[in-house]
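Would you mind keeping the following structure in view while I ask a few things?
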Amino acid sequence: MKVILLNHTPHCIESAFVAARTCYSGDFPEDIWKQVIPTSGENDRISDEKIYTLLDKIIASGHHSVLEHISFTFAIEGISRACSHQLVRHRIASFSQQSQRYVTLEPDSFVIPDTIKSDNQAKKLYDTFLNNSLKTYRELMELGIPKEDARFVLPNAAKTNIVMTMNFRELYNVCQIRLCTRAQWEIRELFWRVKMELSNIHSLKGLAGYLQPKCEVLGYCPEHRSCGKFPTREEMSK
Amino acid sequence: MKVILLNHTPHCIESAFVAARTCYSGDFPEDIWKQVIPTSGENDRISDEKIYTLLDKIIASGHHSVLEHISFTFAIEGISRACSHQLVRHRIASFSQQSQRYVTLEPDSFVIPDTIKSDNQAKKLYDTFLNNSLKTYRELMELGIPKEDARFVLPNAAKTNIVMTMNFRELYNVCQIRLCTRAQWEIRELFWRVKMELSNIHSLKGLAGYLQPKCEVLGYCPEHRSCGKFPTREEMSK
Amino acid sequence: MKVILLNHTPHCIESAFVAARTCYSGDFPEDIWKQVIPTSGENDRISDEKIYTLLDKIIASGHHSVLEHISFTFAIEGISRACSHQLVRHRIASFSQQSQRYVTLEPDSFVIPDTIKSDNQAKKLYDTFLNNSLKTYRELMELGIPKEDARFVLPNAAKTNIVMTMNFRELYNVCQIRLCTRAQWEIRELFWRVKMELSNIHSLKGLAGYLQPKCEVLGYCPEHRSCGKFPTREEMSK
Amino acid sequence: MKVILLNHTPHCIESAFVAARTCYSGDFPEDIWKQVIPTSGENDRISDEKIYTLLDKIIASGHHSVLEHISFTFAIEGISRACSHQLVRHRIASFSQQSQRYVTLEPDSFVIPDTIKSDNQAKKLYDTFLNNSLKTYRELMELGIPKEDARFVLPNAAKTNIVMTMNFRELYNVCQIRLCTRAQWEIRELFWRVKMELSNIHSLKGLAGYLQPKCEVLGYCPEHRSCGKFPTREEMSK
């Protein structure tokens, strides 16, 4: 799997700051913008520290709508169709996915779960099956079956590519679910990589810090059983 | 594939009528409601004919928001995961889908495309493959591979069940795309069955009539090439 | 202000139950439906108690998507345009609102806040202003100014009517915000009335019980300062 | 009214192009990205002409989802609360609006419709009313009425500021409605200014060209009566 941050809103934290200040200020948003993105000289710019103080309050109090002015576009490459089927269930995001109706699957385009990779016998069964799947796929097409029907033999393991755009409010919400140890390993890795992509860019490091599993946000585990990181709410009240 | 209308907003056309009239009237919505759903005696009820005259205007002029007050819940059973992956891309709808992480796939739970069913040689290849897929799936689980990883060998053909709730505005939009002959055959059949479920209920027959492919709505085919039903816009202007 | 539940999904809790069970069961949704809505005889029906046990778990664990299959339509009458402007900011809902471009405002169509009603001097100022507003509105129209421009003199106090449809997942989320004592008094009353409408119907009483301000859900107040009902998170950790 | 494009997705047309190509290509989105945003040397870059040829096809055929990867953030200053109430009805957008609960209205913060400005008698009535409104507003606050209740006397004419982020797919849809001559004059001006902001930036001029009232897109007027620009569908078929 590869996750690459292709594109993002310029001036991320400044955008959220201007939006938040517009709500509680008589100043024009254009003028607040100039306070954080000065056109010349940096002397009077409102500091990153002050901006993050406001963002901390916004995140803590749950007034998250200003985070929607920040968007990120990722190239997501080589995830399984099992993972992509889960991913596109997030409805407050934009997805452009490689189509199996139009694109022919290439050899070696399969994801192998670690549990299978680390078990010789399972790995052998799995490889044989994948070869068989690809072979049947091709034979069906050679018989004149259209690609959109031949793909019925392609397994969940088949790799796919997606371009995903998500705003930061939704990314914050999704990470609470998908960074949880109960999430499926592949989608958890995907959002861990999403977080790493943000962490690797100096100006986005602070935002990356807000991306946490829900237990870190709530202070307890809301699931039926905890992974051990935090007690459940029931366990807490004991 | 089975599509069953499980549940729907009571008084569908009346709901849209009351919403539309509320916008342009000084009357309270509660009082408009009583004009279409009288609590006693039916004598003074606004007629279905008048309600449909208003709905016709609403549909034609594109002021579709009042159609959102009408919702339908369908049981969708035995579609392929290829089809369900497409289906859940519609974001203005609610889906609850059978999970392959928790539910074990049973034998004979595969969709067979017509192009394969009608070709002996292809059918044989396909059946052999499906048996092999199910066998590998089980062997992996017997080796201790968790179900969520064993399912990587399950093909797109694997059947799934979904409960789907969609409002009528979105249903109207989705049918324009999915009833088009260019849509994948399985999702086209799905929305054709959705339309049939509405047609089969006397009070919903009129609404079903509005569900049409986009060419019927536009008067021309907006695709690059037409299926022949309507000329493309380019062909029209010749 | 009046809030009237006009219409709602039949079999509310059963719908959420069927959706939830579909995710984790090999059974067809149609068959699960028959277990909670038997076509004849009530003997074998899954009990309300069992259904609510599942709903409690769903609400507690945050897996709320199955609540989207339940929708409610309300007539909201006589709220101020100040309140309606806030209300329509909730984007996961459907609104049909009386238009000031097309409907002429009638006399006595103004909301009076309690703080003003209970202060004689303020009340007198307010009444004089409202008379003046209505008088200017009419004089402008008599001069030939179109209604859509004459309404520029109508105050926030002017009453409006709205038909609102919201699913139960969103209603649950919105009530967390709008039942908080920090919400504006008018929109708080609105959602308190929404909750009362559900409480008054036997089969919806249980759902009404889930509608709570966020502090009740979280166990602490996430706002900067608490109203006193719950300590803030900071105060808790002391 | 002022509308200022504060911020936008970098590489707009390239983003839509990469998203569209990802759907129909075996190439990784990261590699397609490099074809339109080369890291060094511009020689081999896919030309703007080719990108626009693809965008033209996408727009014409209605496959608009790839346009969602492009977002624009505008500062909207000095529109009336009548206009802002309409504006925030668009649900696929993000709004941060100046709050009348927290910000005190200043003198001269009122919109004056042209029909009133150009009529001496109306103008006089209007000015007198606005002075009276502002005076009552202040007197109420002096009596100790909280700002959130004193604002009930503020008229629709009162100015407000909003930061709005909208993706290009939604902007395309909204402009079809709001650039129509039947839209209220103020919101029409707003989206005309939105279009102008895009037109004024060289790299966005092409996108601005797609923003048109619905009659230009459909080739006919879908409203009951046409403004004369295009015939209605009924008139066409005569």
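We call the chains A, B, C and D, going by the order they appear; numbering starts again at 1 in every chain.
Operating definition for what follows: a contact is a pair of C-beta atoms (placed from the backbone, for glycine too) under 8 Å apart; a residue touches a chain by one contact, two chains touch by 3 or more.
Predicted, not measured: the structure shown is a model, and the values here were computed from it.
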Report the chain whose CA-based centre is farthest from the CA-based centre of chain D.
B
Given a C-alpha superposition of chain A onto chain B, how large is the rotation in degrees, taken in steps of 5?
180
How many Å are there between the centre of chain C and the centre of chain D, using C-alpha atoms for each centre?
28
Could you put a whole-Å number on the gap between the CA centroids of chain B and chain D?
32
The positions of chain B in contact with two or more other chains are 95
Considering only which chains touch which, label the overall pattern as line, ring, star, complete or other.
complete
Across the complex, what residues on chain A touch chain B?
80-82, 84-85, 88-89, 91-92, 95, 100-101, 111-113, 115-116, 119, 121-122, 125-126, 128-130, 132-133, 136, 139-140, 143-146, 148-149, 151-157, 184
Help me check something: in the complex, which residues belonging to chain D touch chain A?
2, 4, 6-7, 9-11, 15, 18-20, 22-26, 28-30, 33, 65-66, 68-69, 71, 73, 75-77, 94-99, 102-104, 106, 161-163, 165, 167
Note which residues of chain B are touching chain D in the complex, please.
57, 60-62, 177, 214, 218-219, 222-224, 233
